[in-house]
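Take this structure, written in structure tokens, and hold onto it; I'll ask about it next.
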Amino acid sequence: MKSLTINQIAAVVSGTVIGDGNLAITGAAPIRDAGAGDITLADDPRYASKLTDCPAVAVIRPLEFPACDKTCVVVSDVHAAFAKLVKFFDPPVRDTFRGISPHASISVTARIGRDCVIEPFAVIGDHVELGDHVHVGAGSVIESACRIGDRTRIFARCVLYAKTEVGCDCRIHAGAVLGADGFGYNTREGRHELSAQLGNVVIGDDVEIGANSTIDRGTYNATVIGSGTKIDNLVMIAHNNRLGKHNLICSQVGIAGSCRTGDYVVMAGQVGIGDHVDIGAQTTLAAQCGVMNHIPAKSVYVGSPALPIKEQLKNWAVLGKISEWYQKWKDMLRRIEHIERILHQVEVPEAPANSSTRPAAPATSSSVESSRRVA
Amino acid sequence: MKSLTINQIAAVVSGTVIGDGNLAITGAAPIRDAGAGDITLADDPRYASKLTDCPAVAVIRPLEFPACDKTCVVVSDVHAAFAKLVKFFDPPVRDTFRGISPHASISVTARIGRDCVIEPFAVIGDHVELGDHVHVGAGSVIESACRIGDRTRIFARCVLYAKTEVGCDCRIHAGAVLGADGFGYNTREGRHELSAQLGNVVIGDDVEIGANSTIDRGTYNATVIGSGTKIDNLVMIAHNNRLGKHNLICSQVGIAGSCRTGDYVVMAGQVGIGDHVDIGAQTTLAAQCGVMNHIPAKSVYVGSPALPIKEQLKNWAVLGKISEWYQKWKDMLRRIEHIERILHQVEVPEAPANSSTRPAAPATSSSVESSRRVA
Amino acid sequence: MKSLTINQIAAVVSGTVIGDGNLAITGAAPIRDAGAGDITLADDPRYASKLTDCPAVAVIRPLEFPACDKTCVVVSDVHAAFAKLVKFFDPPVRDTFRGISPHASISVTARIGRDCVIEPFAVIGDHVELGDHVHVGAGSVIESACRIGDRTRIFARCVLYAKTEVGCDCRIHAGAVLGADGFGYNTREGRHELSAQLGNVVIGDDVEIGANSTIDRGTYNATVIGSGTKIDNLVMIAHNNRLGKHNLICSQVGIAGSCRTGDYVVMAGQVGIGDHVDIGAQTTLAAQCGVMNHIPAKSVYVGSPALPIKEQLKNWAVLGKISEWYQKWKDMLRRIEHIERILHQVEVPEAPANSSTRPAAPATSSSVESSRRVA
């Protein structure tokens, strides 16, 4: 079993020890998982109280922090320091494959850059161009005329349909499908005929695409994902969409065709967006949002149908009390009827018709009149 | 760089020129993407105003159209004409593979029709039957006893579990999984035991299935997709479902077990349908609909829980104003209380109990009485 | 065509015949699919009425059952009996592959147990450990240092990223991806930087994972799925989640990062759960639920945002009538205004300020006053 003293750890992570520097540490785990002998981490003073019940004997923490009875290693970047320790105690495994597997199927017309890795059973089609240091995972299929930039990693079992373009430094996770047909049909004589599928998918630089996500090709032009945008698992991005830069698209989001997003848009899980919708830059859509109309920049929308967060939270506050209010409405109605009956009995002189600038009680409001008839 | 004059374009698409027939065109792109030198398209007079800011120098458009200062090529089918031009300027790439790849794994008991394409690393199991002109993409797995009709294309990396049947002229996109176990369990002594998984999946003719969609096998019989039905990406169709013909099922829809749909049903994105629900023919379910009960034919349902569109839109209109009404309710309540106090002060004679055919104010409506006690 | 008499069937399923034991049966199908010559099943007395229109000539049924004019075979376990018959009439196909395919890519450092099946184009990475009777489907990729327990079946085209651990007796369906990166980023100088991805995925025993589902690796530790838990298709389970034992997670559920569930939790289709949420044991979340806060044990939550079922159903009952109530509110408001006008006309003496222990009508409730000013 590997072991480090707190002093050794402090040296590794450039930290300051508060407490017992000779304490032996045999593992690193987050607060909820840590056991005796472990060092844990607390990246925020709010978590200090959770340390009390945690059996870890030491903690990596920032300088600003409440008093703590565990031995502490104080650092400026808690996560960077903790990651080093996790890697020490449980080193990541190396990739199995190097170079070009003899079990891959590579077209003679493909151009492969320097130092690429192509794993077994990958398929590289005609006229594909791979930059330098590209890594294509086992079983991935890169169809004809695709272009992939330097240092991009395509994990196992992805499919890039013909003509897909991926920039540099991207990570495309297992099972992602880029460039399948868009879902556009013209219905003629009762049959749905597939519309043109002549465009492709164009992915910028530094983009990540999650496992089993799908991005369809454009009708005539490209479906575009801007540089720096990160897409989680099981996301659907339909044909002709143009996502801006540095978007964060969480899992199971679905974006119908021909939408546009500005830069730094955030969509939480399971958001759905109708077609031809524009989402302004820096806008956030909360989980399960349903969006059918354009949304301006720098806004936060919530709910389905989506509303600005302030409006929606106000609505939800009311809806949370709605069945309580339902009783009150019935009560109010009864009290109004009761008042009307009482007023009838005191023989109120009839207001002359239209004697006032305010509208008279409308026809639907017949209770007063009808109670008069009854009496 | 490829170039065509407007007159040449008109000849290719059988159109009529309005404007400068000698203008040189070097590309074709939709309004939002077009640049100088391009021809664009406008399939609807409503888009005429969007042409003003578009740098394209010419436009393919229908006869009925507002005045337009760009050179026009007038055609009867805008999209067919435009697709021809897109293909001219940016020709689609050909499939890399022809015939049966020596890198596919094909059972000796499989029967392969004429002119099939089987790409590398595809697996064709025992007793599989492929019709003529079937195309099985790279890495797709066609398990034992599957049957696939003429001209059907299975794209890369699909999995058809044993006994799956697919008709003619289908397109099954990358990553689709047909015939996995249904999600049915019997819980015995605390363990969930998988129910029988003896059925299969049967797909009609002219069906399209999107990337990474899944259709589970039936418990005892088939899960059936009717001919002409189109299914988008990441759709889940559970065991024992029977979808009608010519349905359009948009992305991320989930249909639980044992549902039935009529013909020409449309489900927009992220619709969810509970088990044992029947959806009538020609019914449309709006995006993110949640359906737990049968829905009649020719209806449009919206929302979760789903309601007929008219009802739901009426409800949503009210809900949009609900927090405003919340203030009004409180105001109404105060005014009622105020009136009750005033009435008390004018010493209204008590209504004799049950003196009227109308119900007296009920016990819960106690404010009038209690204010009397207080006063 | 295969055929069995009712007497033969009764012998096979250990049942009792009521009716014609010599009747010849040529197939077995559920009520909605059965034709003439078939035997069908009815597992619940409620379905007795559906037998009337079913052309099946006989029925497998439990002892407690209404009078039925079809020949019956009475058994104690209807489904077990019926499954036997379905298998007789339409035998399941055998797996095509036995043993280790010469077309698989297996690291020399991998340890393979006894009687494993590894299908063509599967990839087994360095230091992988497979137990006995493990079955790895065609094209599946088991990356370095994964461990898979005895009798577990990985269907075709799954991807297990490095270090994934799967227990015994699991079924991982086609296209599932275990161990891809979590969706966690630190945004620095406008760039989203991927957080640490040092954990793995750990699956207990007797777990089933549906087609194309994805489970991400933990940040520092494991994402854990408890033994006996069943996960449907297209489910997303994010990093650091810890699911309890015997959960049932239906299709298209999405669980954001760092959640925990107790044992026997049930989530219906398309449920979404925000991050850092704890769901108590034996709790059920209804379809399309949206959960942002901890939920106690043994509860049933419905809707988005999710509420306890009783509250939510009460709310929905009110919301179903909300546009009807909208008319009533407007009517009530008119009647209150009408009453206020009448009261003004009868020259009610002003209530002395603060003469009562009840609050006076507040400033916002100005109609009485304003109507006085107008009059």
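A, B and C label the chains in the order they appear, each numbered from 1.
Basically, a residue touches a chain if its C-beta (ideal position, glycine included) is under 8 Å from a C-beta of that chain, and two chains touch if they have at least 3 such contacts.
On a predicted model such as this, the values are computed, not experimentally measured, just so you know.
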Rotational angle, Cα trace of subunit B fitted to subunit C, multiple of 5°: 120
Homomeric contact subunit A-subunit C: same or different residue positions, threshold half: different
Intercentroid distance (Cα basis), subunit C paired with subunit A, Å: 21
Shared interface positions of subunit C, touching two or more other chains: 121, 139, 157, 175, 212, 234, 252, 270, 288, 304, 319, 322, 325, 329, 332, 336, 339, 343, 346
Subunit B residues touching subunit A - in the complex, by the definition given at the top: 28-30, 33, 41, 79, 82-83, 86-87, 90, 92-96, 101, 103, 119-121, 137-139, 155-157, 171, 173-175, 206, 208, 210-212, 228, 230, 232-234, 246, 248, 250-252, 268-270, 287-288, 304, 316, 319-320, 322-323, 325-326, 329, 332-333, 336, 339-340, 343, 346, 348-349, 351, 356-358, 360-362, 364-365, 367-368
Residue ranges of subunit A touching subunit B (in the complex, touch as defined): 105, 107, 121, 123, 125-127, 139, 141, 143-145, 157, 159, 161-163, 175, 177, 180-181, 183, 185-186, 190-192, 194-196, 198, 212, 214, 216, 219-222, 234, 236, 238, 240, 252, 254, 256, 270, 272, 274, 288, 290, 292, 304-305, 307, 311, 314-315, 317-319, 322, 325, 327-329, 331-332, 334-339, 341-343, 345-346, 371, 374-375
